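One chain, subunit A, appears in both complexes that follow, with subunit B as partner in the first and subunit C in the second.
Presenting the complex of A and B:
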């Protein structure tokens, strides 16, 4: 989509220039030292952001790079969360084995959903994936084994192997934050590198024209289902971490709105780019779950809105202000910057490079 | 519960899904947009009726007219402000815009009227029933649904066949650019399609609010089912969508009677199974993309 590479070496290198290496290191250093000067609430918010970064990076492989639509990613997310917790409590697997196994279960479901998706496109694919997400939510909600409507409480986060007597429990928010951070860095690196492999280029070819891709020898069946499975794997890992960041979840956490928010994250960030999905996930999580969720605590504007609500609206409905704001952000981005934040960044960069022309 | 009542209830719900599916299909056929905001637009119009009826205290027919007028205006406004300015939109981009409109409207409605359930009654009741044939109990509500459906569908038939605007709409559906060359103001056709669809949606939502409840989220589920019904019918033909709606309503009612806890998803499972066999729905010719 926005690709200005001219040589193969440029395509496979991880960092384009020394400047990017420098800023990446600065960014990571800020993230690593974050717990030193931030309260627990912000650590929680950042952990949540990073979980959503993992999911949206994975979703972008499917939607942005392969050109398929999925409105059912909350289903894979739920499989990851429930799978990790249940594998840990029922089979008493260690955390790392459980989360990887759960992610592979999610990937298997992604593969299964990818099969009907081979023949579907546009609105038909939308409704099929949407149905999948709703079905997962209801199946979990109606099965006692999965905790039913009451939901599940995540067990203690033990990253050792308790059966072998080597146990290391992460109980503070800081340690969970670091765990999520390490997972996020690994998954983002994986995503960046997937897009540089044969499979990644096959995905992009399928997005640009599936018929042309088939003609030049790309196995559509294999790569489309692979895209679904990869994307579901990311959602599964995200879900497994989400379970421990929240500590408690019920089936309705994983509703259609969540799937929609995942899509919104990658569209706002920029389709087909890893940086885009990261920035989109961070921005939307911040707007949705922090700034506009507690809009009445924002100075000046908050008080004005409360007064306005009391005069003309209902004060109880203020809780839904984040939907209004995020809806407006979505529409605004699509109308004025259809390539998302990443597209805007590229435009800005071009403007500075070629200034004053 | 006897077979007759399940059948009639299923058909009535199916007619609602079919009508709402029509609201989705009119927009999809004309401007290639899947309107995810359809449910919330209809919900908002129903709340306008609620406001006029319960807070201003006017009679029902005035609330009804106000709601429909508001619905038409809302449809045109959504088209004018949110969809028309989009530059070279992709399918996903359009979906995101309508989802944005949906979140905006849902948030506005619960801000204005609060998220709690409302007491809202229209003159037809679900509990008043007639029994013309033994075993086939038909409620006043179902009767109203059938009459509304017949009125709307026959109106649409006449409209698309005999009026100038209807012909222009059909022409735009076939080929946007050719229609423009022939002197049809396609922007106006789109605006009209949005208004028209919104009015049909609002009528259906008013009927549905009598059966279920009235709160800012009450149209979400019916919208998804109507969308599924439209997909089942192939998204292109009007009789197909109505049939899809009836199939949806019947399946949901009969399966829901046998396994009540799985009622919400039976319809969707059926949809996925049908799409596995016929990727473009039951009543549409499979669309083959040109390279």
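Presenting the complex of A and C:
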């Protein structure tokens, strides 16, 4: 029989085949041994990439799965960062408690922001999220308690429980890198599981046909707000880690551009796919932070670009080129591979399977 | 009052009385068909029953409980499932996921339970497997094996109609509302559907409300037929009675469907 029934658990297993297990192990081995041969700068860059992976995986649960667009995720990210630091410094909560609590606070704000989603659709909802992101940034910027415009310095990253006399401070970039790595692996697995089970399927159902979703018994109110809350939780966790990767942050770190960049990450990577979110976050972080770090070292056109930037854009820094690169990648994706990097990967795989026919 | 009934149901859109004082009562395990020319208000009755529209007046009684005022998801919880005339599937999901979605209200795994589905013995994994088994029964029943993992968007129209029936069946409802399930199917598919609808009634102990334009099908499987026109009842009776009714013949005059 061609369509033999399978052992059903195999279909929902995390590691469906030996090949996947193999590549997962190779990939993890690379990530774990990475610090042994990389400079602090690259540990920092990779930690940042992983933080953004967490955020974009969560954002994709909202945007890719339920089809609701948020331009306010920098706000949840900020709540995660400020929340974690302030809960640690003001309430002396241990790090792990603080970051989870901050993520839940972000999730609560996500839930509240999800409420208008029940009435607003499309662009109107997006404007509401945009307003939320801006409001968070300005409220923080004008409140002394949150450090005002000066921002906050992250405290020592003690992952123990100092009150109980058990203290374990992560002060090196390597140790922070490993902490972020562990969080990233957990959050990615959690996202994969959510999308494979009841709630994740309900999210997709709402996107494809909310009327059909309702008549099969899905509570629209509950699942629309749940998607916002879940997505905000991921951004909150990312924000909490971000605070310690950077060590210092101010309100303007969490501006509208950051929210837009989050959206770019998942669009470039592939809407609705976890692998897409990961690859998009990595590529865009690289473009934003590393591509034109040493622009004058770029062969042939390097000096030209520097001169051009100083003449027409800004005398300081090469940020403009990074944004231009991101814009070009975005346009390229829209033109040639609307399903994003992940869609391209699937096509490539199909191509190789049938090659050379 | 029967097992399932609508009582004096009315709704108008602007000045148009789309459904105008409709009442009927359906017995448990009956196949009850609704016929009428285009735009006579058949689909609107289904929308009123499933809570998508709120009637201006009237009641929808299911086992003694009024459904009017409930949201569609609550109506579903009470055991009423439906398909749509213009197909409302989750087209970016596979057939399997569409059917699993039909199991939604029977599943207990929450967001957290699902998030921590690590290992075969986790509660979430056990539940997934259990409901997969239920869905596989439906796949076998409707012979959907070959498209199990296909995306719904890529299927032929007739197959999609069938997947929608399967999804409604996955809800384990007491009453099923089928809105023109055979539209767009070829003769062979229609014959199969005919048999399946009868089987659904027998094997699943289902009460079925059926909207159809295909008179052969109506004549073949209905216990009773309700004929309507411009939102109002023409007549109710056995297929043979209704087919001979002069006003039904007049309403359908010029329409080729009448057999």
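In this section, the second predicted complex is superposed on the first by the 324 of 357 C-alpha atoms of A that agree within 3 Å, B and C clash if a C-alpha of one lies under 4 Å from a C-alpha of the other, contacts with A are read in each partner's own complex, and residues count from 1 in each chain.
Throughout what follows, a contact is a pair of C-beta atoms (placed from the backbone, for glycine too) under 8 Å apart; a residue touches a chain by one contact, two chains touch by 3 or more.
Everything numeric here is computed off the predicted structure, so don't read it as measured data.
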Of subunit C and subunit B, partner touching more subunit A residues: B
Which of subunit B and subunit C A:209 touches, first, second, both or neither: both
Which superposed partner A:260 touches (first subunit B, second subunit C, both, neither): first
Partner chain in contact with A:197 - subunit B first, subunit C second, else both or neither: second
Subunit B versus subunit C as contact partner of A:247, first or second or both or neither: neither
Partner chain(s) touched by A:322 [first = subunit B, second = subunit C, both, neither]: first
First, second, both or neither for A:11, with subunit B first and subunit C second: second
Subunit B versus subunit C as contact partner of A:226, first or second or both or neither: second
Residues of subunit A that lie at the interface with subunit B and also at the interface with subunit C: 209, 211-212
Sites on subunit A touched by subunit C in the complex: 2-3, 5, 8-9, 11-14, 189-190, 193-194, 196-202, 204-205, 207-209, 211-220, 226, 230, 272
Residues on subunit A engaged by subunit B in the complex (per definition of touch): 63, 69, 116, 119-124, 126-128, 130-132, 134-135, 138-139, 142, 209, 211-212, 256, 260, 263-264, 267, 271, 309, 312-314, 316-331, 334-335, 338
Subunit A-touching residues of subunit C, taken from the complex the two chains share: 50-52, 71-73, 75-77, 81-82, 84, 88-93, 97, 100-102, 104-105, 107, 109-111, 113-118, 120, 124-125, 128-129, 132-133, 136, 145-146, 148, 167, 171
Subunit A-touching residues of subunit B, taken from the complex the two chains share: 28, 34, 82, 85-93, 95-97, 99-108, 110-116, 216, 220, 224, 227-228, 231, 235, 261-262, 264-265, 268-269, 271-272, 275-276, 279-281, 289, 291
